[in-house]
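Quick notes on the structure that follows.
Chain naming follows the written order as A, B and C, and within any one chain the residues start at number 1.
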Amino acid sequence: MIMEITIVRTLLSILGITLVVGLNAVFVVWLERKVAGHMQYRLGPTEVGPAGLLQTVADGLKLVSKQIIFPRSADTPIFILAPIICLVPVFVALLPVPFSENIQAHELDVGLLLVIALGLLNTLGILLAGWGCDNKYALLGASRAVAQILAYKIPLLLCILPIILLSGTFSLREIVVAQDHSLWFALYQPVAFLIYLVAITMETNRSPFDFAEAESELVAGFHTEYSGMMFSLFFLAEYTYMFVAAAIASVLFLGGWLGPFFPGPVWMLLKIYFFLFLMMWFRWTFPRVRVDQMLSFGWKILLPISLLNFLLTAGVMAAL
Amino acid sequence: MNRSYAKDIATGLASLLTGMKVTMTTMLTKGHTVEWPREAAQVPLMFRGHIQLVANKDNGFAKCIACGACARACPSNCIEVKGAKPEGAKKKSPTFFMLDFTTCSLCGLCVESCPVVAITFSRDYALAGFELQPFAGMDLLKDVASPFVEERNDI
Amino acid sequence: MFDSQTAATYNLETVGDQENDFILNLGPQHPGTHGVLRVVLHMDGEYILSADPVLGYGHRMQEKIAETLTYTQVLPYMARMDYLSALSYNQAWVCLVEKMCGYEVPRRAEYIRVLTTELNRISSHFLWFGAFLLDLGAFTPFLHAFEDREKILDLLETLTGSRLTYCFFRFGGVGADVDSVFLKGAQDFVDHMRSHLASYHDLVTGNVIFQERTRDVGVILPFDTWGYGLTGPVLRGSGEKYDVRLREPYSIYPELDFEIPVEQTGDCLARYLVRLQEIEESLNIIEQTIAGMPEGPIRSKVPKIIKPPEGEATMSVETPRGELMIYAVSDGSKIPYRVKYRVPSFANLSIFSKMAKGQLLADALAVLGSLDLVIPEVDR
């Protein structure tokens, strides 16, 4: 009996996650194009569906129907594997994300650690993509992506640690529950919140830190040689990754599903899309940072401040 | 902590926020997009479309006297004119007036060189197609502009 | 905030191992080169060891074509070289022929010429502004500049009939007269731009990322500027106050009151600031021409077939990119014997390989963007 429940639950989770990934991609790409359009005195997509909502579906269909071109000198197995390695971890990373008290694919005691660990795999996918297709632009893009990991990952972790201290758990659900009785953690940890925001922008390769695919420098960076369905997998991975990062941010800092009037999932989605909108806002406002500037920004500004913030938090908590 | 270090971060952050304010204001103002082809575009009087022959007010035939000045003025040789003198008429009239629009650069030298102001620019702006042929050989005698096209300054 | 100076300069002597170097073809189809420019980069990682521009993908034999056409027929070809400042090219050619033949130009025509050329200069700088920021990875300024550029194009379209490749000036005058609607539109545009330029500075100039990306990047020393024949904002960004409108005045420029903006530092930021100040100065010039627009004819009497007397002449004008000089030799027939164009983009590109040496790839593209190249003009 328990066995059967587990199977049903697993199937439902897979279905749910696939739905979230698919619908999120359709919506976020549309939103991004609308936001970009209106920030630039344009309209964005208007033709397919109401207000252009189905534009992404049309684009997706076009991409699926296109030929996948394999460069002659590409390392074919790696070339094929790279987009899959990019996409699969973000699927798995959605497992422990709670959308309300009961809507969660799988409750894990170490949910946060799982998400952080899976986040690193994305860079592996980018590295493989850059290496596998034997293109210099792609290789440069991939090497940039690898070079920046530590510069954002360590500040990112140092921003999460104070939250762990405050809530005393690694479970994403418990972290939200801990915020039920107090204020949202963003108010206790404004510095960590800001740095986390910058770090996830770096982590998801979004402008102004998008030099892994810097268009004006590297044509399309690591996915220069990818076309058709394989390109859209990268695209899907990127937008899902943004979704996961935003979901974790709202769980850690803005109290997840908590909020008055509306049911939990609505609040959760509102907060997630608030973060996604912020990231779009960044992208359509700022020029791109240079690689070495981003590294020194990570090491010289983000790291010391987040470390200081963590030590301060730990000290205050020990004193209380 | 170094004072300029903190100050740099503060001014940097402030400058980023100023930039974000600009994009947000833009987002809340309306753009000026003309949703062509759902809306018609506004074409100014002086618009230079492909050239067109102007008709005579009296009989509706082309005003052209087939002198060939336009063909000689054209820097890219895209006009071909042939004319003949009909019996009893004082002036020549064109029997063949072909424009190769694929090489035309819309410079307007033909319009300017015409001694009888028989050529004008059309205001047809939707000049795109999937085939070369309608543009490579445009028979201007087939589509003569009305003699009452709005008067232009010059050109 | 960061030591961009030390980070951006690569010590070329430490490059011992040839194994890790590679050749990267930047272009001819690359989003960062704005056209069919190809740069062969010899790189070590992200650092550029040497950069060799390869030209000629857009070569159309403009000088040879000019030897086969009459003086009037050459005029439309002018707009095809530098399509962003077609009116400056128009002006150079008509002034040259007027100089050779000794034609008079009515004052009203001169005012219209200056008014439209300065509008064209602003629209060219707007496009450069957008393209430069695109090189730096910002998309939005591009379309913000285009929104304002559109206003100029609409305005010029009502007067000249075209939006980009104008063929508007005529020997001894201009093609069409301005009316009060056009003048009012131009004045409205000036007023609008005066207030709206502040948003450009808010969005871009003050931005810390932009400042870090452009300050001390691609420095051109005053010593180099004359050796490489640099002109225009690239030269003025290095502290040289040279502008053809000031040094070899033509048309009505001596009567107008305007400044030549100069910056001292010679980096990408200086070139950027010079161009933005030039937009403001052009606005001043436009306002003065609108206020002082005299009445009178717009064209003087000029023979239909133009046959300049035997001899040669040169004419220099200041295009948005720098000094354009046209040299023509007449043998007394209606077709020029020889025409030579000295184009600013070509000379400005020549310093690129020197500046790119030892730079990061990202910086090299910023430098390329700050030179404001128009590739059809380079290749002709």
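Going forward, a residue touches a chain if its C-beta (ideal position, glycine included) is under 8 Å from a C-beta of that chain, and two chains touch if they have at least 3 such contacts.
What you see is a predicted model, and the numbers here were worked out from it, not measured in a lab.
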Most remote chain, CA-based centroid, reference being chain B: A
Interface with more contacting C-beta pairs, comparing A-B to B-C: B-C
Whole-Å gap separating chain A and chain C, where each centre is the average of the chain's CA atoms: 42
Between chain B and chain A, distance of the C-alpha-averaged centres to the nearest whole Å: 49
Distance between chain centroids, defined by C-alpha means - chain B, chain C (Å): 25
Where chain B touches two or more other chains, by residue: 9, 16, 19, 22-23, 26, 31-32
Multi-chain contact residues (two or more partners), chain A: 39-42, 284-286, 301
Contacts with two or more other chains, residues of chain C listed in rising order: 1, 140, 144, 147, 203-204, 207, 209
Chain A partner contacts - residues on chain C that touch it in the complex: 1-4, 7-8, 22, 24, 30-32, 45-46, 133-140, 142-144, 147, 203-204, 207, 209-210, 212-213, 360-363, 365
Residues of chain C that touch chain B when the two form their complex: 1, 69, 72-77, 80, 140, 144, 147, 150, 154, 157-162, 165, 167, 170, 175-177, 199, 202-204, 206-209, 211, 304
Interfacial residue positions of chain B with respect to chain A in the complex: 9, 16, 19-20, 22-24, 26-27, 29, 31-33, 35
Interfacial residue positions of chain B with respect to chain C in the complex: 8-9, 11-13, 15-16, 18-19, 21-23, 25-26, 31-32, 44-48, 73-75, 105-109, 112-113, 121, 152-155
Contact set on chain A toward chain C in their complex: 36, 39-42, 136-137, 140, 143-144, 207-208, 210-211, 214-219, 284-293, 296-297, 300-301
